[in-house]
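Working notes, structure below.
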Amino acid sequence: MDLFPVWLSLRVSIVATALTVVAGLPVAWFLSRRRHVGKQLVAALVVSPLVLPPTVLGYYLLVLIGSRGPIGRALGALGIELAFTWRAAVLAACVGSLPLLIRAAQAGFESVDERLEQAARTLGRSEASVFWSVSLPLAWRSIVAGIVLAFCRAFGDFGITLMVAGNIPGRTQTLPLAIYDHVQANAMREANLLALLAVAAVIVLLVGVGRIVRVRY
Amino acid sequence: MLTVTFGKRLAGFALDVRWEASEAVVALVGPSGSGKTLTLHCLAGLVRPDSGRVALDDLVLFDAAAGIDRPPRTRRLGYVFQGYALFPHLSVRDNIAFGLKGWPSARRRERTEMVIERLGLGGLEARSPRELSGGQQQRVALGRALATDPDLLLLDEPLSALDAPLRRQLRDDLARTIREWGKVTVVVTHDLSEAYQLADRVVVYEHGRVLQSAPKSELLWRPASESVARIMGMRNILHGTVLKASPDRIQLRWRGQTLEAVNSPSRAYLPPPGSPIAFFIRPEYVRLIRKDRGAPDPHHHMNLMRGTVVSQADFGTIWTLAIRLDEPGPPAQGDHDLEVEVPRLVHEILELDRDHRWEFSIHRGSIQVLPA
Amino acid sequence: MTWLRAALVALVLVVTLGGTAGRAAEPPTLTIFGAADLSFALQELAARFEKSAGSKVTLVLGSTGNLARQIEHGAPADLFLAADESFVDELAARGAVIPQTRALYAQGRIVLATAKAFGPRLSDLRALTDAKVKRVAIANPQHAPYGKAAEEALRKVGVWDAVRPKLIYGENVRHTLQFLQTGAADAGIVALSVAGVPEVESVTIDAALHPPLNQVAAVVRRSARPELALAFIQFVNGPEGRRVMKRYGFRLPGEF
């Protein structure tokens, strides 16, 4: 049985989770500050992917990054293929998992006592330094929970990936898509095996990471 | 010289303060919610006032008109927050060294060690804040604020998180530390004895305004108004009627007595005869007259009065008596007219357990008039 | 735990940086986007074509509607085998497929399928109104051609309103078939070409009850291998291909 989907999914979800963390933490930080203008609008945008059906979301994304879309055309001019490649699968996974990471991280940042951040400011730290040395370490538990959620969501994405990356075997067929194909063909033995592999892979990864990232403080 | 003038509007609260201090230590006192902590936040740059100016000597920290608003990190200050705000994820040493980030590592280590030693935190360097007692936490917070050698030190209720017996002792330590380090210090406290012990100047706040700013001796003796007297916890705040007023003395009528008081020197207060007047009498300055020495001499004993002790309370080192005058009519303060404090020794000598009828006098200097 | 740490980092690096995401040096690959009703037929056709033409075939199966949308937005398909000509015509109008390559390759048939687990084979659409039939599966009429045909047939026979409350919709005919295979539905309407599975018994529905399911193929304009794609269409419409298609119950060009 072809195990390509397993590797592809691991690769896509790890890269997607990394990107989600890099993009999502600043947004979560911004949303946790009390006094910013436009906060409600950003918060609504963040949650919106959760509200739309994944295939619909995928379709809108495809309109943007496909050969007729503004982003797709711009990237194409630079010689970069996005839609229907594994990169699109990464994008799909990111879109699905960003809301989860942002909400969890935002809650974490909000739970940090404001006075600690104020103290850091009076002790000569810039805003960036306050973030790195106070807010982030103290919100760490929630952020890790968010990352776990984001990873699982990225690994299991189906609808968005199906639309923007396609279900192309040997190229963009991630594990969830492969399982679905087998289920559709009523090949339950293969489907069950892949599903088991999926769960096992995720468990191994999360346990391993959990041991390495010991929560300090 | 610290000059502070600013206004700040918040939902349902308006802060409008103006005071100056050339003294080393200033205490801000007043009821909670009167704007003291907000003032500290504005001094620190954590909150931006709507208008005004804050300057420490020739360094302007904030000036609305000139568009100057230095961020907290450039104000060279140390801030001890209420509850200390120690970083829970850092050790004592890292907490104290937190403000020394840009320093070369040798100097940083040296400075941190010095602070740890001077504040008596030796042996606790590796502990985390939650392993410390309240007093230790307070010292770490202080050390953290002082480590950077700030020009201005801000303390928000530095002792209120501690229980009473500890507070007493730490207050002495804190007073000593503040004097040793010699920084311009602003302390916020609701505890008056704390304010008296720590500060040279007291600024009295109420509802976002400054009622009085004065060196503490002046405040102790000459509160500017009845509100200030109440906030300062003065007792025996009474109301009478003016008989005659002159720049240095005021004669007034109270509970059938004719009393002579000194006038408040801070204003030329000359209320017309017949107008109401507020005044206060310090409980510890009421003299009970010994009965074994014959009739009291009116020249020696001013403001002579006669009354009965209706209740007494034992406070360990002193007794507080509630005295009702031998005058018809309702007493001025519930069931009594005056509160009097006597040291334990006096209480025993005069046998106040047994004997409740007394004559007493009050020197005119101990009756303070409160201008309206 | 440093060995665990190192092992994990190595694993992550290998997985994310190593590997080719499926693009090694290979013989030319023909990517075919095919409608779900062609699942079984296409698999066989592809295997035969690979042998005779010596090139690899990658099959991407799905619902015609979704596939059309993807082709429109640049999906890397060489050839589109649709279950409904309107989708191909739409793509041609938008310039996504080469109009000259438009070729009718089959006409689909729908069948009334009964899950063996339910009971004896139903032989008439009107039997679907029976109270014993609890759930009826059809492909989603909104975007699946076979679903549209199913709806048409039900309307024509006059049982649409009665059966409608019992309907469950599959994304495409394969999905619909799955409902029957697993017993989630008692009966349903699926493509004849997929109905040859052991769990199901079926009877062909009169073609007059629905507009013809003209299945049309076209070469995608973006294709780098249009000749190969064309060759496949010709293969399907050639003697070997027609034999396979016939076996799966399609009506062939020339027969209708």
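In this document, chain identifiers A, B and C correspond to the written order of the chains, with residue numbering beginning at 1 in each.
Assume a contact is a pair of C-beta atoms (placed from the backbone, for glycine too) under 8 Å apart; a residue touches a chain by one contact, two chains touch by 3 or more.
Here the structure is a predicted model, which means the values were calculated and not measured.
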Centroid comparison with chain A (C-alpha atoms), farthest chain
B
Among all chains, which one's averaged Cα position is nearest the averaged Cα position of every protein chain shown?
A
Taking each chain's centre as the mean of its CA atoms, chain A sits from chain C at a distance in Å of 32
Taking the mean of the CA coordinates per chain, how far is chain B from chain C in Å?
86
CA centroids of chain A and chain B: separation to the nearest Å works out as 56
Give the list of chain A residues in touch with chain C in this complex.
4, 7-8, 10-11, 14-15, 55, 59, 62-63, 66-69, 72, 83-86, 162-163, 166-171, 181, 183-186, 205, 208-209, 211-212
Going by the contact rule at the top, pick out the chain A residues touching chain B in the complex.
113, 115-116, 118-126, 129, 133-134, 137-138, 216-217
In the complex, go through chain B and note every residue touching chain A.
44-46, 71-73, 75, 77-79, 81-83, 85, 87-89, 98-99, 101-102, 128, 144-145, 148
Using the touch rule from the top, collect the residues of chain C that touch chain A in their complex.
1, 4-5, 7-8, 12, 15-16, 19, 21-23, 31, 39, 58-62, 66, 69-70, 72-76, 174-175, 178, 181-182, 197, 199, 222
